[in-house]
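Just below sit the structures, each encoded as structure tokens.
Next come two complexes, and both contain chain A; in the first it sits with chain B, in the second with chain C.
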Partner chain A sequence: MVKKKVAKVLSFRYKILALIFIVLAGGLVLLPKHQKQEGIKAEQLLSNVISPERYVSTDQIAHKIINQDPSFILIDVRDSISYNNYSLPNAINIPLKKLLDKDFEAYLNQNQFDVIFYSNDNFYADQAWVLCNRLGYKNLRVLKGGMNRWFTTIINPVKPNDDVAAEEFELYSTRKAASMFFGVVYPDQVAEQSDMQIAAPKKVITVQKKKKRAAEGGC
Partner chain B sequence: MKELEKVKRISIASTLFILAVLIGVVTYERPKNMYTINTKSTLEKLTKNDYLASIDNIHNENVSLIDVRSQYEYEKGHLESAINMSTPEILSDDSQSILKELKEDNKTVVLYGNNPQESNIPFLLLTQLGYDNIKLLNVEISYFQNQLVTDQIAIEKPIADIKAFINESIKNSDTGIEIDNNKPAKKIIIVQKKKKKGAEGGC
Partner chain C sequence: MGPLIPNGIISMEWDSIIAIFIGICFGFVLESSGFSSSRKLAGVFYGYDFAVLRVFFTAAAVSVIGIYYLDYLGYLDVSQLYVHPTYLWGAIIGGVIMGVGFVAGGFCPGTSLCAVAIGKLDAWVYVLGIMIGVFLFSELYTFFEPIYTGYFMGNITLMDSFGWNPYWIIFVFSIIAVVAFAVSDMVRKRVKKVFY
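And then the complex of A and B:
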């Protein structure tokens, strides 16, 4: 009698096994908060974010632009009105609101260029940086001080007092020369104007999407 | 006899498999600090721009202040009734338990640092961890005769119209020559679309 019952149950054994596996597979789908855990861990993000390594100074950027360094792209995260009014040469406008749009992902998620975020200050640029860093994008930088510091250091550098070190004067003359490159005209520099009319050459940037390696076969 | 052997093997194998899965689930180490929102919804929250608190609104029972500067700076001077929780320590157990408690008590947590740029960072992290009661104080802290002074500042306010400044300088140079404004040259960017590759089989 018992044997018969066991035999009856056993005849369903494969179905029962299959059912167990399906239930287990369903459990995997419902793993807690799986979708929300995108990107790197919070601890990692914190240690990235407290390091000041991401900041680049306005002087460095001015130097790079003037020397036509091809290794970086500038991303303006302000709205399009401010961008159209004035922006750094060759910058791309990605308003903070649209940062994570699919269209712009190719600019942000690539290994070819350094990506430099800037806004009026570095407040919004930092926010953009944190979000992209969480997603694991590489080579991201932030322009320290943003456009405001760009104005006070490069566009309108303050002439140092007479009693400061010689380096200050050197820095000032470098900055002044840089500001002339970016279009500012000084009354005492009229003679050199012919040079300045040469517009910054167009930069052609080709962004290649990161290629995922094809799955390689077993044997 | 053969059939019985087969059944035995299958059941042993499946028991082992289920056991392995169960052990995996039980011992799965969950990260200590979990995000509760993804980057998309974080961005939505940030662009709503309602996370700023002004200095006039913080003298309130429902508000607790958190100083995110270092302990040294906190001891030098801090706002009244502020708790010190420096940015690198924001994910530690102590800080998290304090923050959780504050959240359960329905208190608004207002972060401040030397400037809003500084408190921006812990704010961003905590927002992504699911604290929706966090605000930023938009003040800059300075010292005047050893007294802590707070200045309210506007965030991301342009200090000058750079285009106007450049145009002005051209006018003042009084050359009579018209100069083209160096408009940012349009970049030509070629994005290569990812090609879908066919799945390659094993063997």
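And then the complex of A and C:
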């Protein structure tokens, strides 16, 4: 008796399958659409934000610039007036408001260089860092203390008191040498360094577009 | 999360191994569903066997519904999937040649290799023909090149060209599939049975 019933149901099996098929397809049409989250997960972003790994110090940057390290690009997130007024050598100006413009994506979303953000302090640079991090961009750094710290440490280093450790003096002399590299002229060398005010030529940074590997397919 | 390989969940080095594995499975399914017989394949054009239509239509519809559910649930990103680039006239002319070859020879390239594997003589001839065709095409490549690489339209889909909603397309496509199955079944019942 049961078998007969099963057989009766099974004789409609193609119709049942077709019905399931159409119901599933119709389900796709009827399901409420939702905005998909782009970029990394919130937990990941939070752990990235808490971590201080993103900061680089002004001394490290000065060292890299002086040694002509080709592995990084500097991104100035201040407005263009401040940028034209003074900025780090070879920096690219991407004001924070225009950060997500398509024109600048090639600079930020690539695996070729470390991207170092800076502003007057590190607050705006941090904001830029969070936005780009959220989108899953790689190798992002922030200059700790920004331009202000750059001035107080590299351009105009404070001479340490006589009673501090020897390392402080070494650091001071390194910074002083760095400041000379960036064009600061000290009174004791004016005589020999009169024609050193040649602006360094702007290096052109070419960024290769990140290639997405397209999977090949075919029958 | 997905697709698995472009997102690095499965590393690229596995490509060939996965390809061979899928190839073996594909060949096995083709052979075991009788697609290594040119009579069965040609049946769809003469109206006595619609297995080809059903199998490929079902495969396409089931996978598209599955993919879009996975996309909806966030396991797969449809926008990352590979879309074959469209070379308009190359595709049209190639499609006509392929269609004529399919009707005349009773195989498509994949199934012909399947039939070669089980030793069908007509498939040997067919594959030899493919080889000759490939040779001629390579030799005359400079002549064909404007069509082969021209009329390039990018990796477009119907959604891109017409701005259609993918969910509605899938729904309509599924209904067309079910109607096609029903009609093909009716045709099969009316046409004289062919034994092969």
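As a working rule, the second predicted complex is superposed on the first by the 169 of 219 C-alpha atoms of A that agree within 3 Å, B and C clash if a C-alpha of one lies under 4 Å from a C-alpha of the other, contacts with A are read in each partner's own complex, and residues count from 1 in each chain.
One rule holds in what follows: contacts are C-beta pairs under 8 Å (C-beta built on N, C-alpha and C of every residue); 3 or more make two chains touch, one makes a residue touch a chain.
As the structure is a prediction and not an experimental result, all values here were calculated from the model.
Counting the residues of chain A that each partner touches, chain B and chain C differ, and the larger count belongs to B. When the two structures are aligned on the shared chain, A:Ile205 is found in touch with chain B, with no touch to chain C. By the document's definition of touching, neither partner reaches A:Asn139: not chain B, not chain C. In the superposed model, A:Asn109 lies in contact with neither chain B nor chain C.
Legend: residue contacts after superposition of the two complexes on their common chain; A:Val49 is shown touching chain B, with no touch to chain C. Of the two partner chains placed by superposition, chain B and chain C are both touched by A:Leu24.
Once both structures are placed on chain A, chain A residues 24, 36-37, 212, 214-219 are touched by chain B and, in the other complex, by chain C. Interface of chain A with chain C (complex): residues 14, 18, 21-22, 24-26, 28-29, 31, 36-37, 212-219. Residue ranges of chain B in contact with chain A, taken from their complex: 7, 10-11, 14, 18, 21, 25, 30-40, 42-43, 46-47, 87-88, 90-91, 116-117, 120-121, 124-125, 128-129, 155-163, 165-166, 169-170, 172-175, 177, 179-182, 184-194, 197, 199-203. Those residues of chain A whose C-beta lies close enough to touch chain B in the complex are 10, 13, 17, 20, 24, 27, 32-33, 35-39, 41-43, 45-46, 49-50, 78, 82, 85-92, 96-97, 99-100, 106-107, 119-124, 126-127, 130-131, 134-135, 146-148, 150-152, 155-156, 182-187, 189-190, 193, 196-197, 199-209, 211-212, 214-219.
Contact residues on chain C toward chain A in their complex (touch as defined above): 3, 5-6, 12, 61-62, 65, 68-69, 72, 74, 80-82, 84, 108-110, 155, 167-168, 170-171, 173-175, 177-178, 181.
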